[in-house]
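Below, chain A partners chain B and then partners chain C, in two separate complexes.
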Partner chain A sequence: MRGRPNLYTSYEAETQLFPTTTKKVLLGVGLLVLVLMPFDLWVVDQIPVVRFLGDSIWLRLVNKMLIFIIGALGLHLLSGLAGQLSLGHSFFGGVGACTAVLVGGKASTNLWGWGMPMWVWLPAAGVVAALIGVAIAPTAVRVRGLYLGIVTLGLVFIGLHLSRVFPEIAGPGDLGRKWPRLELRFWKEEDPFLDFSRDGHWFWFDVSKHQKTYFFLLLLVILMAWWAVNLGRTRTGRALAAIRDRDIAAEIMGVPEFRYKTTAFALSSFYAGISGALFASFVGQVPPEQWSLRASVTFLAALLIGGMGRVSGVFMGSFFVVMSHRFVEEIVDWAKHQAEGEGLFSSVFDFFISRGSGDGGLISVAQTALGYPLPASALDEIIYGALIVIFLLFEPLGMYGIWIKVRNYWKGWPFSY
Partner chain B sequence: MSLLPVVLAANAVDTFVQTFFRGAALGSLYALLALSFVLVFKASQTVNFAEGAMALAGTWFLSMVFVDWDIPGRWLGGPTWIHWCLAVVLAAGMTAVIGLVVERVAIRPLIGQPHFSMAMVTLGIEVVITIVAVDAVHLTPRVLAVPWGADTFKIGGAFVAWSYLAAMVMAGAAFLGTWRFFKTRAGVAMRATAFDQEAALAQGINVGRVFAIAWGLGAALAALSGIFASMAPWGPAGVVSRDGAFFVFRALPAVVLGGLDSVVGALVGGLIIGFAEVFAGQYLADHASLLGYGYQQVVPYVVMLIGLLIRPYGIFGTKEVRRV
Partner chain C sequence: MSPDPTERRLDDALLDVEGISLSFKGVKAITDVSFRVGQGELFAIIGPNGAGKTSIFNSISQVYRPQEGDIRWKGTSIMGSRPDRVAELGIARTFQNIELFPHMTVLENLLLGRHIRMQRSWLAGALWVGPAKREEMANRRAVEDIIDFLEIEQWRKHPVALLPYGFQKRVELGRALAMDPELLLLDEPVAGMNLEETEDMARFILDIREELGISMILVEHDMGLVMDIADRVLVLDFGQKISEGVPADVQRDPAVIAAYLGDEAGLAAAGS
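Up next is the complex of A and B:
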C-alpha cells in the first residue's frame, strides 16, 4: 500500500520483518556501513561515530560488544519474550566457556582438554548450556517472579563453587587457563584454514586479527539475531509472549506452560553458552570470577536500558553497556585537556577534574588509588547503576521507548502534540 | 567470608556444643537479614537487592561515628561498650535515612509497575552505593572497634565467642520488636497493606507511610546485620569491607526457604540455613577434597533449591492466589 504504511490487509503483511521500502533500504545501507566500518575508507570517515569505531582499539571493544549481544539476545528470549526474571544468565555463559575449553582446550598434566576444532566446541558450548538449562527447568518452572530471580541467583554461586571443584576444567586458582583460539580447522592438529586470532591476508586485503574476528562475529550476530527475531513470530514465540503476559491465562487457553518455559530456558542458555565460549576464547584467559552476579546484572541492565522485549533494544542496550566506560574515559580525558588549556570553560572543567591532591575536583585523573576524587572507572560504574534506576523510573521502555517518542514526534509533525 | 579460626575442642560433645553455638549465631545473622527482607517485601512486594549495600553503609557509618568522630564518647562518661551500643543505634538510624531516601526517590514512583522493575531498581542502587562506598570514601582499613573483639568463653570444653551471644541477643531482640510492632497501629496498617494495597488505601491507611516505615526499618536491620556480620569470628574480623555486601546474597536462601512474606519464616529459614551451613562445614570436612574447598558456602543454595522443589513458596510463605 503505497503511502499508507500503517495499513495492513493481512497477518502476513503485519508480521513482515521489513514492511516498507525505507526499512529495506536502511537495512541495506546499515549492513554496508557495518561491513565497511573496519576499513580505512574515505566514506567511512564521514559518518560521525562509525568513523572511529573502526580503529583497532575500538574494534576490539566492538568485538566484545558483538559477543555480549549474543548473550543479551539469549536473556531477551527468556526475560523479554517469556517474562522470566533470571539473575543466573552468567552461569550459563560460564558453562559454555568451560565446555569450550574442555572440548577445544589443550590437555596438560593437571588440565583436561580434548583439543577439538572450533566447529565442534562452539556448538557444543551452546548445546551443553542448553541441556543444563533444561535440567534446571523443573525447579525454575515451579517458582515464579522474584523467587525465580533468587533461585537463578543461587545458580551463579553454585557455578562459582563448581569452578573451584574442577580446576582441571576452569583452570587453577583465580587465573583461569588458556582458552582455544578463534580459528577454523578441519581436525585436531591441522593448520587452521581460517585463523581469526592472527593478522593475515584475505583475498587482496591485509586484515588484522581484530578485523577478522569482527567479520566472523558480525556474521554470527546477524544469524543469531535473525533467529531470535523470527522466533518471536512463530508459534513458540507467541506462546512465550502469552506466558509473559499472563501465565495462567495462557495455560487455560491451551499453551503448555511447562514445555514452553523449558524451551525458553534451553534457548536462552544456548545463546548464553555460545556467548560465554566466544568471550573466553576472545579474551584468551578468563578467571572463573568473570561469571559472577555482576555479569548477570549487566545483561539485565542492557535489556532494560535498551528496552525490554525488543531485539533492537538489545542492540542499543548492549552498545551502551559495553561502550559506556570507554566513552566516559574519553570524555574525562577530553575534560582534562580542557581544564589544562586556556579555553572559555576551562575553569568549569577544572571544578570537576582533580589533577593532584587537594584541588577539590570530583573526578580524579592523576591517581589510580581508591579514595575521594573518583577515578573515571568508578564514575562509569556509578553512571551505569544510576541509569538503570533512571530508565526504569522515567522511561520503562528504555532507548527503544525514546526512539518511539522521537519517531512519533516527527511522524505527526507539525501536529505533534 | 573466612570461617572461624579452628579451635579444636577436646571431645565429640564439646565439638558439638561449639558447632551448635556457631550455627545458632550464623543462623541469627541470616534471620536478622531475612527479617529486613521480609519487612520490605511485606510492604512493597519486592526484594531489596540493595540490602548488601545498606549493610555496608551501616558498618561504614559505625566506623565513622564511633572511631573517627568519637560521638557519644566525647560528651558522655562511663564504659566504652555503652558508647559503642549507642553508636550502633546511631549508625542504624543513619542507614535508615538512606532507606527512606531510596524509598521516596526510587521505589514510590514505581508503585503499580511490575515487581520486576522495582527489584531491578534496587540492583541499580546496589551498584551505586557499593561503588560510592568502596571508591569514593576511604573504606578499606577501617576498624569497627567491637568492644568484645574476638574474645571467647568456655562452656565445659567448648569455646564460644562473645560475638555469637551478641548476634543471638540482637536477633532475639529484633524478632521480639517486630512481633510487638505488628500489634501496634502502624504494624496492623502494614499487615493490611501486605494483604491488599488497594483495600488498605480504601480503608484510609496511608500506604506511602507504610512503605517508608518498612524501608527505614529494613535498612536499619540491614545495617545491624552488616555490623554483626563484620565481627571478629566471622568475615573480615572487625573491619569494614566489601565482603559485607556479599554476605547478604548468602542470606537470600534463608528468606526464600522461609517464605518471602513470613516473619516466622525468616527466623526458621535463617536458623535452618545457618545450622546447615555450619554443621556441613564441621562434619563433612573429611570429604572436603571431594566437595571442594569452601563447599559450606554453597550449602545454603543447595538447601534452598531442595526446599523450593518441595514448597515453591517457602515453608511459611503464603501461596499466591492466581486469578486470570
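Up next is the complex of A and C:
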C-alpha cells in the first residue's frame, strides 16, 4: 500500500499508534535521539536544544521533568479524559512519597521504615495512593466542577496536617527525612545490583548517576505513557470520555458513572503516587510542604498548556512547565551578556535589560522586588501565568492544538485554504 | 372474527408500564399512564408540547423515578434500577436534543454504544496486547455493520460535533443500535429535518424493525410519519393518557382532536 497512507486493509493496521512508515521512522529516530542525548557525541551536538539537554545540570532537570510527566499523565486520566477537576493531585503524590519512605526507608529511633527494596516500594507507592483514591472517590464523585475542585483542594491540607501528626513517616518538622535511593536490590542485601543514584560503569562506558536515572525514568515514562494511551483508546477510556462529555447520557448508554469515576480516581492516584515516590527519592529529602496546592496547580497548568485530553499534550505541557524556568534564566543571562558586551545589537538588549536603578530597561537582573522593572527571577512565573491565560482564551487545545493547526496547514500546502 | 395481531402480541409484553405517575414538587408531569409494548411492535407516543412524552422515556430509562406505578421489563420490575442497569437489560434510546459525546469521533461514539456488550477491564485495556485488542477488533466489526446500515461511512473519523445535524441524529440512532437493544426508544428522530431526511429516517426505522427485529417506542411530532409507520399510538395531553389504538382510530378520536386543535374542533368532530 505504498503511497496511500490513509488506506487501511485491516482494523488492526488502523489502530496502530504509529500507522504510517513515516511515523514509524520518526518514532525510531526520536527514540534514538532520546537514548543518545545524555552522551557527549558529535551527532547529538548538531541537534538544537537536544545539544545541551544532555549536559549534567540540564539532565537533572530532564529527570525531574520525566518524573513530572508521570504525575501529569495521572492528572490527564482524571481531568483530561474523565473531565474531573482535581486540585488534590499533589496530595496523592505525597501519599506515594510517604508510602515509599515507610516501605523503603531506614528505621531509626523516631522514624518508621521497613527497608524494603525499590521493586516493593515503588509499586506500593502507586497502589496505596490508588487505594486512598478509591476511599476518597465516594465523596468526590457526588460533586462536579468547581465543587469537586474545592473538595480535592481540602485533601492538600488534610495531607499536610497528617504529615504533622505522623512525623515518624514524613520526617520531623519541615525538614523531611532521607528517602530510599533509586537502586534495585533483590532483597535487603548490602549492595544493589542496579544503582541509579551513584556514578558507575555500564558495559564499557562511564555513566553518571543522572544518566543512569535518565534511562530508568525514560523507560518508566514510555511504559506508563503507553498504558495511558491504551486506556484512552479502549473500553475504559471511552467510558471516561463519555462521562466527561455528557455524564447523564453516558449512564443511559450503560456506563456506571460511580464506578468509572472511582476508576479514574484510582488510576490517576496510582500515577501520582509513583511520581511522588520517584520525586522524593530523586531529590533525596523533601519537606511535607512539597505536596502543596502549588504543585497541584502546576500539574493542571501542564495539562492546560499542553492540551487537555491528549497524551502528547502532557509531554509538551510538562516540558514547558518544568523547563521554562531554566530557559528563561538562560535567555535573560544571555541577553544580559549581550547588553554588557559591545556587539552589534547590544543597545537593543540594553533597551530590555535593566542592570541597575535608573536604567530604563523592562527586565531587571539586579532587583528581586516585584514592580517595574520586572525582576528576572519572577519572569518565568509571569510568562507562565500569562501563557495560561492566553491558552485558555485563544487556544483551549493548548500546544497540541497549535501543532494540529500547523500540521494541517502543511498537509494542505500550497493549497492551505 | 380473527384476533387482532397486535392484541395477541401483548400477552407476553416486552415492556409493561402500569399506572405510572411522576411529579416534580407540585408539577404533575405524568398522571396514571399505562401501556404495553409487544415484541416487534412499533409503538408511538404523541401529544402536544409538554404532554409528558419525554418524561415517560426518562421514567423508562430510570433517569426520573415515578412516584407511583410500576414499569416491568419482560415481567420483572425495573423500578429503582440505575440507568446503566436498564441499558444492560436491552433498552436503548436516542434523545430529543442530540446527546452525542461531542469530543469523540463517530467511531468512538458507536464503540461507546458497545460498552455494555464488552467486558474487558481497565487492566486489560492498559496492556492492550491480547484480550483487549481482540475485543476492540470484534466490536469494531460490529460497529462497521451499523455504519454500513446507516450509510455514514464518510463520517467515520470525524468528531461528531462537526457533523451536520441530520447525520448527528443518524449517529445517535447508530449508537443506540450498537447496544444490541431489544427495545429502542426514539425521541423525535426526525425533529427539524426536511422531507428527504425524514424519508431516510423512516426507511431506517422500518429497516430496523424488518431486518433487526427490534421493538420501538417512537415519540414524534411529525404526524404524517407516525400515522404511516406506527402499529399503535398512545396520545398524551397534560400528562394524561387520552387515547390509545391503531393510528386510524386515534386520528378520529374527538379527545385527540380537541387536544390538538382545541375544544370546539373536538366537539364539532364529536357531533358530526
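Please note the rule applied: the second predicted complex is superposed on the first by the 387 of 417 C-alpha atoms of A that agree within 3 Å, B and C clash if a C-alpha of one lies under 4 Å from a C-alpha of the other, contacts with A are read in each partner's own complex, and residues count from 1 in each chain.
In this section, contacts are C-beta pairs under 8 Å (C-beta built on N, C-alpha and C of every residue); 3 or more make two chains touch, one makes a residue touch a chain.
Every value quoted in this text rests on a predicted model; they were computed, and no experiment measured them.
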**Request:** Report clash or fit for the pair chain B and chain C bound to chain A in the combined superposed model.
**Result:** fit
**Item:** Which superposed partner A:321 touches (first chain B, second chain C, both, neither)
**Value:** neither
**Message:** Quick check for you: in the superposed arrangement, does A:73 touch first (chain B), second (chain C), both or neither?
**Reply:** neither
**Message:** Just to be sure I read the superposition right, which of the two partners does A:217 touch: chain B = first, chain C = second, or both, or neither?
**Reply:** neither
**Message:** A:37 in the overlay: touching chain B, chain C, both, or neither? Say first, second, both or neither.
**Reply:** neither
**Angular separation of chain B and chain C about chain A, which is computed from CA centres of the superposed model and rounded to the nearest 10 °** = 80
**Request:** Go through the superposed model and pick first if A:230 touches only chain B, second if only chain C, both, or neither.
**Result:** second
**Request:** Determine, for the superposed model, which of the two partners chain B and chain C contacts more residues of chain A.
**Result:** B
**Asked** Is A:263 contacted by the first partner chain B, the second partner chain C, both or neither?
**Response** second
**Request:** Would you sort A:248 into first (chain B), second (chain C), both or neither based on which partner it touches?
**Result:** both
**Asked** With the two structures laid over each other on chain A, which partner does A:182 touch: chain B (first), chain C (second), both, or neither?
**Response** neither
**Fill in**
Least Cα-Cα separation in the three-chain superposition, chain B to chain C, whole Å, stands at 6
**Asked** For chain A, which residues belong to both interfaces, chain B and chain C?
**Response** 246, 248-249, 252
**Asked** Which bits of chain A are touching chain C when the two form their complex?
**Response** 11-12, 15, 226-228, 230-231, 233-239, 241-242, 244-246, 248-257, 263, 267, 309
**chain B to chain A touching residues, read off their complex** = 46-47, 106, 109-110, 113, 115-117, 119-121, 123-128, 131-132, 134-140, 249-250, 252-253, 255-256, 260, 291-295, 297-298, 301-302, 304-305, 308-309, 312-314, 320, 322-324
**Request:** Within their complex, state which residues of chain A touch chain B.
**Result:** 85, 138-139, 142-147, 149-151, 153-155, 157-158, 161-162, 164-165, 246-249, 252, 293, 297, 300-301, 304, 370-372, 374-375, 378, 381-382, 384-389, 392-393, 396
**Fill in**
Residue positions on chain C within touch of chain A in the complex are 61, 63, 82-84, 86-88, 92-93, 95, 99-104, 108, 111-113, 115-116, 118, 120-122, 124-128, 132-133, 135-137, 140-141, 175, 179
